Amino acid sequence: MTRTTKLLAALAATTCLVAPAMAANVPDGATLADDQSFTYRILDEFTSPDPQIVEDVSGSEIVRDLFEGLINQDADGNPVPGVATEWSSNEDFTEWTFTLRDNAVWSDGEPVTAHDFVYAWKRLVDPATASPYAWFGELMSLDNASAIIAGEAEVDDLGVEAVDDHTLVARLSAPLPHFYMMMSHASTFPAPQWVIEEHGDQWTRPGNIVTNGAYILTEHVPQERSVREKSETYWDAENTVIETVTALVINDENQALTRFMAGELDRTEVPIGQFPRLEEEYPDTAISIPTLCTYYYNFNLRDNGPEATHDERVRQALSYAIDRDVIVNQVLQAGQTPAYVFAPVGMANMDTPNVEYENWTQAERDARAVELLAEAGYGPDGESLQLGILYNTSDAHRQLATVVGQMWEQKLGVQTTLENMEWNTFLDSRENGDFDVSRGGWCADYNDPSTFLDLFQTTSGYNDAKYSNTDVDAMLNEAKGLEDAADINRQIEEIVAVEMPIIPVYHYANAYMLNPQIQDWPVNNLEANWYSKDLYKIAE
Amino acid sequence: MVLRPIRVQAAADPVDVDDANYEVGTRSRSLWADAARRFFRHAPSVVSLVALLLVGLFAFTGHFFAAWTNAQVDWSVLGQVRLKGMPSFETGHYFGTDDLGRDLYARTVQGSQVSLTVGLVGAGIAVVVGTLYGAIAGYFGGRVDSIMMRLVDILLSIPYMFVLILLLVVFGRSMTMLFVGIGLISWLDMSRIVRGQTLSLKEKEFVEAARAGGAGHLTIILRHIIPNLLGIVVVYATLLVPQMILTESFISFLGLGVQEPLTSWGALISQGAGTVMYGTLWQLLFPLFFFIVTLFSFYFVGDGLRDALDPRDR
Amino acid sequence: MLKYILKRLGVAIPTMLILIVFSFVLMRLAPGGPFSSERPLPPQVLANVNAKFGLDQPWHIQLWEYMVGILTRFDFGPSFAYTDRSVNDIIAQGFPVTFTYGTWSFILAVLVGCTLGIAAAVRHNSWLDYFAVGTSIGAQVLPNFVMAPILVIVFTLWLGWLPGGGWRGGQWPYVIMPVIALGTSYMASIARITRSSMLEVLGSNFIRTARAKGMPPIRIIVRHALKPALMPLLSYLGPAFVGMVTGSVVIDVYFSTGGIGQLFTNSAFNRDYSVIMGITILLGALTITFNLLVDILYAWIDPRIRY
């Protein structure tokens, strides 16, 4: 993850990046709707509006509206100024300096200063806060972050300093050319020390909460709804068009779709399999956005895993027999793309290899799969093969596992059993290697293939297959020190496509119903980060 | 929760045990013959009984007529279920397919097996445990009775549905766990009813006669008390079966039911109910039809049996 | 009587203790923990989080601390899933919601159910009887997870009369559909119980006597038959009221009401130990209280009952 292209590195090292800040960009001819409100569905109650506590996607969306970090993202996912107007680093990317704008204020009128960031970052790693996202401090490689989390250093030793009110300096323990890209992550957003000290845990309640973003939390009924309204103290308030944003908790996605159809929502997710019909009936409304995530199945390469799948040929056979086109075009049907390698196509710094089996027809793959399985001594003339497919309770996982199991049974004569578990039990079984084949899904933390490929490191905590290849480990380590690792990344993918510790199945796309009156939804932001302040609603 | 099976009104009509009885065997035969006559005179009960038999037949022989298995995916339908997956004799999908192109007929047959089994086994546990427990408590009376019944009171104050959810979450979903969870609580009301009946039965002459004849406690309970309770037990059990099936359907709704590719009425219905708006209405209607017919029939049969076993003419 | 109540309360305390210990142990036995996630927390971070919430202590200490918290401060601890909120906050927010729609469902179920049951019994074997029996069984066997989405499709999508979900502090348009969806099956049970016990009473000797004396039928029903006929219903109503008030998970899922039914299942799935415990204790206490109330009421109405 300590890599970037030469161009980017050169830019960051020598000059300051200055780009225009983002705001709602209403073209001259557009007629705005009278009612500038945006209502959307969230699946579950979000964890917290506290930037250092929040850990879920829908919570982060809310925090990005309420608070503003040093850097925002534009519609294409590029960094643009937030509270910081300029940023630069030293030669080896270990010290970063941010210049803060002088017109940013909190919603209680206090100015936003570098001290607010220092306080927030210390709060993030402080064991007393016990933030589940404290690891993000480690990921940022801030000096002493790991030691502070472990309780071996004082919080004040953290490598961050406010030189003056408008200059923030971060000192890193390792070179990080893309450090500034992490500044759009919610965990790095500022926190108002005086408010937190006054109200304690209650500081995020509407009425108590003080924010520096474009919105302020005005109503929050857990498990039901939360409302944020435009903040007049936000430095760019005059260019913020959407006045009210409401997040409604609706557990059942079919129910949410019915309510969208009844006009109660401006945005909701499309249930699995329904996209083609909706797209046909509502072409302006149904949209599908590719995202940097991959769906895959883990083999269990631990000693206690099934003997058969320790054989590379069996793993290849099982992978080849999965008809990804059927899965993408007949099951999911919402703009997902077949996956033959792990890291999604289209990532930065990636030279996606053209792996061999991708070029075969499915008939060739099936034939090869039968051959390989027979060579390994399984199949019709050999030992019968029995595999359990582990997945957690969800309609989509159920459908995938059923279809994959059927493909294996019908093409290879593999007996499959479906093992559906509720979420926590599933995680426990998967982590402890109590499975034959288990489903997995991985999303990019940042736009670089290392966020995916690191899972193949022997020691990675996320390596559920327990795959171990010393060559791959060495290559991953080598890649960390390189400015351009595209070549090595490709080689790693090629090895993995042969050894097949996991079966990549498809790359995600998010399918939504979005009210066509809502304009400028960032469909090209691969990380799916959106800011209400950049949206606007036109009249019907 | 909707599902706690309390049906105390059954307790309100004890089987009229004729005071002038001497010999249990012949007397009960005539009681049952009487009851049967009354039951078969009541048209709705008879129709329901026939319906139940048909559903049973469907569940346990239906797979002989299926063109597909319950797990097989029809690849030509997958992805276009709305257009190609509707009920049709041509494709062999008599009831259409589910959202994955699996044959709904085969799945309904197999789901019926699971749901009926859960209903019957659940009620069976309640009958066996509840009857024995209640009969023992009532027969011995005194301290034994008050301790045993206090335990029932305690168990009844546990929020049952929530504990069942906890059990399934903790020990994982499986048929066994489902039976344990359901069986754990379903016998409580049964035991109360049986105890009440036993209290009055044990004062009867024939019990005293048996005791005087030197019969042991267990013999008296098994040979003399329980046979006389059968009427009320049967009525109550008939009403318990639909409760069990409803409980299972709720568990399936929560995603804690049987493992795929196995299914149950509850699982099929909750999947079908989710997609009512998407042009695949058959996915809801077929399983719902069997579910409703069965539950209806059990209630009618139960009511019919109660009326039949209660000699007072209404 | 007083002695009886005291005795029952004496049993209630150990019952609650058993319930607390039972669910506490059950929960800790469950695989995973409140901080499990797709990407496991680094061990050091997990240790900090566990330490903050006392989860690093042995079970018996945790249980002891928990009990002390409840008994001395009435503090049910912090939520593990929503770490900046306490269980007291969460229940204080969710319980009134379920209590409101539960109570309305109860009232609806009792009024409609009793009327239907009595009418069916009085006109025994008439079309009214068959209609009442048919609808009540129908209502009882239609799962509410089928009824709820259909209600929303009809009243929200097609007719546009009612909002499809939410609570908004209990404004009436938001309450109607949850009440119907929850109350219907209870209504059906109540109708069936009332009908059969009413039939029984109407067939008994004292009613026959009253009828023979030429009393008007309405008066017979109101003055003589009603009270004994409703007795068996009473013991059903206790658990039914608790069932409705504690809400149905289905209602919360489909109508996004934010009640404690959904809260409980979510917490069970998230291993939010303290919220599960809080709700279990609340429900246990409610169940015990209402069972006791029903028994007292029973004794008060029918003094022949012995203790």
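Going by the order they are written in, the chains are A, B and C; count residues from 1 in each one.
The rule is simple: a residue touches a chain if its C-beta (ideal position, glycine included) is under 8 Å from a C-beta of that chain, and two chains touch if they have at least 3 such contacts.
Predicted model only: the values in this text are computed from it and were never measured.
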Chain closest to the middle, measuring from C-alpha centroids that were averaged per chain: C
Higher-contact pair (C-beta pairs counted), A-C versus A-B: A-C
Length of the line joining the C-alpha centres of subunit B and subunit C, rounded to whole Å: 22
Chain centre separation (subunit A, subunit C; CA means) in Å: 40
For subunit A paired with subunit B, centre-to-centre distance based on mean C-alpha positions, whole Å: 48
Subunit C: positions in contact with at least two other chains: 30-31, 149, 153, 157, 269
Residues of subunit A engaged with two or more neighbouring chains: 252, 254, 258, 261, 422, 424-425
Residues within subunit B bordering two or more other chains: 169, 274, 277
Touch list for subunit C against partner subunit A, complex: 30-33, 35-42, 44-45, 48-49, 51-53, 81-85, 90, 93-94, 149, 152-153, 156-157, 160, 163-167, 252-254, 256-258, 262-263, 266, 269-271
Interfacial residue positions of subunit C with respect to subunit B in the complex: 11-12, 14-15, 18-19, 23, 26-27, 29-31, 124, 133, 137-138, 140-146, 149-150, 153, 157, 185-186, 192-193, 196-197, 199-200, 203, 232, 235-236, 239-240, 242-243, 246, 248-250, 264-265, 268-269, 276, 279-280, 283-284, 287-288, 291
Interface residues, subunit B side, partner subunit C - complex: 1-2, 4, 6-9, 11-13, 150, 153-154, 156-159, 162-163, 165-167, 169-170, 242, 246, 249-250, 253-254, 266, 269-270, 273-274, 276-277, 284, 288, 291-292, 295-296, 299-300, 303, 306, 312-314
Residues of subunit B defined as touching subunit A within the complex: 71-73, 75, 78-82, 99-100, 102, 169, 172-173, 255-256, 259-261, 274-275, 277-279
Sites on subunit A touched by subunit B in the complex: 252, 254, 257-258, 261, 271, 273-274, 277, 326, 329-331, 333, 393, 395, 398-399, 401-403, 406, 417-422, 424-425
